[in-house]
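Below: one structure in structure tokens.
We call the chains A, B, C, D, E and F, going by the order they appear; numbering starts again at 1 in every chain.
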Amino acid sequence: MTKHIRIVTPHTTPRPTKLDELIGLDVEASITFSHVGLTAGPKSVESVYDEALAAPYVVERCIEAERDGVDAVIVDCMGDPGVDAARDMVAIPVLGPGETSMHVASMLGHRYGVVTISDRVRPIFEKHARVHGTYENLACVRSVDISVLAIAHEHDRLVEALIEQSTAAITNDKADVILLGCTGFLGISEKLKEGLERRGFIVPVINPLRTTAMIAYAMVSVGLAHRFNERESS
Amino acid sequence: MTKHIRIVTPHTTPRPTKLDELIGLDVEASITFSHVGLTAGPKSVESVYDEALAAPYVVERCIEAERDGVDAVIVDCMGDPGVDAARDMVAIPVLGPGETSMHVASMLGHRYGVVTISDRVRPIFEKHARVHGTYENLACVRSVDISVLAIAHEHDRLVEALIEQSTAAITNDKADVILLGCTGFLGISEKLKEGLERRGFIVPVINPLRTTAMIAYAMVSVGLAHRFNERESS
Amino acid sequence: MTKHIRIVTPHTTPRPTKLDELIGLDVEASITFSHVGLTAGPKSVESVYDEALAAPYVVERCIEAERDGVDAVIVDCMGDPGVDAARDMVAIPVLGPGETSMHVASMLGHRYGVVTISDRVRPIFEKHARVHGTYENLACVRSVDISVLAIAHEHDRLVEALIEQSTAAITNDKADVILLGCTGFLGISEKLKEGLERRGFIVPVINPLRTTAMIAYAMVSVGLAHRFNERESS
Amino acid sequence: MTKHIRIVTPHTTPRPTKLDELIGLDVEASITFSHVGLTAGPKSVESVYDEALAAPYVVERCIEAERDGVDAVIVDCMGDPGVDAARDMVAIPVLGPGETSMHVASMLGHRYGVVTISDRVRPIFEKHARVHGTYENLACVRSVDISVLAIAHEHDRLVEALIEQSTAAITNDKADVILLGCTGFLGISEKLKEGLERRGFIVPVINPLRTTAMIAYAMVSVGLAHRFNERESS
Amino acid sequence: MTKHIRIVTPHTTPRPTKLDELIGLDVEASITFSHVGLTAGPKSVESVYDEALAAPYVVERCIEAERDGVDAVIVDCMGDPGVDAARDMVAIPVLGPGETSMHVASMLGHRYGVVTISDRVRPIFEKHARVHGTYENLACVRSVDISVLAIAHEHDRLVEALIEQSTAAITNDKADVILLGCTGFLGISEKLKEGLERRGFIVPVINPLRTTAMIAYAMVSVGLAHRFNERESS
Amino acid sequence: MTKHIRIVTPHTTPRPTKLDELIGLDVEASITFSHVGLTAGPKSVESVYDEALAAPYVVERCIEAERDGVDAVIVDCMGDPGVDAARDMVAIPVLGPGETSMHVASMLGHRYGVVTISDRVRPIFEKHARVHGTYENLACVRSVDISVLAIAHEHDRLVEALIEQSTAAITNDKADVILLGCTGFLGISEKLKEGLERRGFIVPVINPLRTTAMIAYAMVSVGLAHRFNERESS
């Protein structure tokens, strides 16, 4: 039976091509993907404050998804905003790519390196790792030094910078798995993987959204969901 | 010079007597305490979802406090809702009684036991302890088994139940410090301490709000504030 | 495109009905499951020594599987015998239900309890948890006190005993996820889940083989495999 | 009511200007500071051996302080010599700037860097962090490479060297809080903070003695003291 | 060549029969054991304060031992008073039975349980375990509830009580190694081991002094000593 | 009484001069050393797969040793292949130089650095450290970049490279103990120690085989052996 997985992008700026990141997976397994953003909340998620602004609306989207008969929800941001809160409100699985990818990274190697956009989000990854238990496996969190503006217009430069940082993660920090630390940029992970291979580094490169989508599918298929804290009616 | 510390209670239900919990401290040091609640957000905080609902409004209150010339803000809930987010938005210290009390507890003994209302909040304390680094010192999180309704009307029964759980924390879990795991009930910690002394247990009992208020005062006095992540203007 | 996942049971005693444990998953996604045992090695796996006896033959089976064009291999034992060694020899994903289930358990709740057959395997789980990073999430490893002989003939008694131990894990050790700590007994996890529900405990119960099968499928679908240590040719 | 806090400098060499480090705090809150050194013990504290020599006399000073009606004692050395022992002998709070500052540092940021005089004391900080639970937050312990003699005569060179090491802690080790790892040099922390600001680094710089003084005041104000192990009379 | 190992008992009360605890070992290997107490310091070691009182005199004894051509020193107390300090002052190995036995216990099993006289020393063991890295292996620290006076006169009752606590450590806390948590009582460990065997528990029981003596001998034989911090001459 | 300790080299390639590494120790104490290799299994141990191939034969050798009246067995490889399995099958102590040396290293300093041949074995040391509890003490695992072929013919170049890496471990990674991470090369540790001393670094350099031999002797002398899991007869 086809499973329905919904991607909730936790900000108001539309991301019309988001589902392209999942191309092929729906055919692969019998999955229908749907995608929604927020009608209220932050324009983008660049700080812990943006995560706080987004969380209540993310939970609304999760409740809506459960009502729509969706089988699982993925919150489309490495900070997993609203994921814990949503798990108090719905019985279907709600997955965050941050928590999920870090566990998958731990299954694939001994030490994983996160490469992301800004050093300002490093503490978010470190907190995730401490809470979820993969801190000893976290080799490093490295960032490219590119302005958000530049990124928009200089896709190739971003990829080059990510290859640079991933190379440093592998050679300096002994990472043997690379986790792309952002779900906001599309079509990056493959190019990163190829770039590393050109340099002779054959390591897994985790595309957080694709990976989380399939882990969600796996959980749904075996009937697993997080512990559901039905909220006490006041 | 008098310092101004503001207590932000992260829900909409008024708590007119909240500042009574701080009686004497203002005289003690030269502190002015002010207290605000939320005009929007949850009625009370009983789940991670309520914390998510409260966080954005808590941050607003912190920004308002900084504008008002307040020296430090304390978010009046052990879950510290909005504290991390607020630290991205204001330069004055924003303290949560959860994080703060757990560090103080670690300074006072070898293992601290948390006694609180419902087992549903246990994971919140465990996550705090992992992120903030006091997990090895956390002896236990124990809860009284009393309905919220009963608590309202049966103050003495609540105190007795907390004494029971604290006794178990000391004798079974080897706690040598007791942390009252809730800021919502007033005038409890002294009675808990006395009750334990009547049973022959002379241990520190931490009143989270009073303690956090004075730690905030200490930080302000020496000019310390958290690392301020000025938010990038979009 | 259909994926081919092979289950390698690491002992010589045939388990003709093993694939029944995966019923439905092949239809669910487009997966073909195949199953092999060992032609040499231990009769069963009841100790670390049995794991050592099995490991070299497990690796052979993994090499064979890669040659057969299999997409991923699952070693059918919670001790994951030969998994690390196989990852040095093949490029396709080789998953162990021990490592995999413990990560999944960590994604589903705050603390997971393992219920298994004999206390003699407890250290194996504790070592897994330390190496793979979920030790802080491991609430307990509890065993039923039933002779292997009895188990064979008294299926219901085994289920009852597992329900007993799971109940203790939830109430005493605060586990909010139950992991069935053995892949050798079939058709147990559903009955365990139902038994716990009859007692009013609605918690995820992880069937390690089913769950690992779908996590393997997820990894194959997104093109992820462990870091491959091509062995230096001597 | 005015609180009386006593600083115990754990060596015999007089430090007549020590209380200058606390200037303003007494006015700030209603505190009286007193200061004593040792009449016997080490000339200075430069090793674990010096700490051992100092400890018994520190405890004597704490007992004396309690007899004098002092409200709290601070042992004026980052190694906290005698602090644990004193807590067995007196009921008033005895604080060490090492333990206290490391907890405060953890409250202020995600990772703190210690900058100190000699690499020989690094293990002392690492042990503190492990025992007190902030090891994961300890970004680094960095030392200036200046002879004790030089320091005495070249105050500015010391400050410059500390700025150098703090800069490395921030940029290389990702520290977002700087802890001055020595209570023996006066009037340094402000200059260090200013020097870092001139380089564009706005981070909290912890003056251990000032900070510990106010944390002690906070504890006294709320009636908290460590668990008191009344010593069994033989 | 015969090695000379000296036992330093860190208090002033004579223990004339102490070397009986090492009977046979000298013949076993070519070792000469010598034994000294303190001429000044505490009468006995029952608290952290006693440890502080003893430490400086212990270091003196270690310096004296090195001058006497002794090959290694063992400080005869589980709290290892003065061991760290002595390592700054002498180049010969100085071992503490606390640190040493906990490492040996970790080599012998998965979880070790400490059984000792008074619960007041539990934190000392917990701190050792955190600093030395065996905290995850520490199953429990259990104490007998017998007055020091009673112990002196009721040897058998002490043994019985230790058997009780060891049994609880094995069955409740899953310890598979028992560490006798006191060097002050002689001829106990063998009786404890026998008592446990009578109850059907075949586990290693560590006699801390005997074990530390032979580990010291091992280190001397292979020419290993701790990192020697030659103290800077002032 | 003379003790008999057997070295089991876990591969089929003869190592006729292996016992030279233990010269002097037999005289030192009354020990008889014997040495055996494998008749089947890997030619050498260069990967986790080789360890898996070796383990069953190592256990056979341990069973044989116990039958021969040997007092303790040492598996001659830092990966400790078969050690855990052997402990299920024999009652005499079976020691691995990996586990043993890492505990000894932790007793000798604050942070130890491993210097070994190939970066491919780094994860093996990291896993050991996590399981055995010395992970926080592990400063680094550094490798020389020399082909196995070169090593055979260029002994001096190997020593030089190990001195280079040890120097980096001490200066960059703050290691104060060096552990030679390989038992396969003979007569290295002394030269490494001398080379470091020539550079002014006086640190303990652990020869894993010699050290493990004497720790085994210590355990035998005091009658200690690991917890013996007598295998259930099927």
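The working rule: contacts are C-beta pairs under 8 Å (C-beta built on N, C-alpha and C of every residue); 3 or more make two chains touch, one makes a residue touch a chain.
Chain identities (UniProt): A, B, C, D, E, F = Hydrogenase expression protein HupH.
Computed from a predicted model, the values in this text were never measured in an experiment.
When the partners of chain E are compared with those of chain F, the chains appearing in both lists are C, D. Interface chain D/chain F: under half of the residue numbers present appear on both copies, so the contact uses mostly different residues. Repeated interface, listed pairs B-D, E-F or D-F, reference A-F: D-F, with more than half of the contact pairs matching by residue number. One finds 32 Å separating the Cα centroids of chain C and chain F.
The centroid of the Cα atoms in chain A and the matching centroid in chain E are 51 Å apart.
For chain E, residues touching at least two other chains, in rising order: 110, 127, 130, 135-136. Contacting chain pairs (ordered by label): A-B, A-C, A-D, A-F, B-C, B-D, B-E, C-E, C-F, D-E, D-F, E-F. Note for the complex: chain A touches chain C at residues 1, 25, 28-30, 95, 99-100, 103-104, 106-110, 132-137, 176-177, 202-204, 206-207, 210-211, 214-215, 217-219, 221-222, 224-228.
For chain E in complex with chain D, the residues that touch the partner chain are 43-44, 46-49, 51-53, 55-56, 59, 82, 84-89, 120, 127, 130-131, 148, 229, 231-232, 234. Those residues of chain E that touch chain C in the shared complex are 110-111, 136, 174. Chain E contributes residues 119, 122-123, 126-127, 130, 135 to its touches with chain B in the complex.
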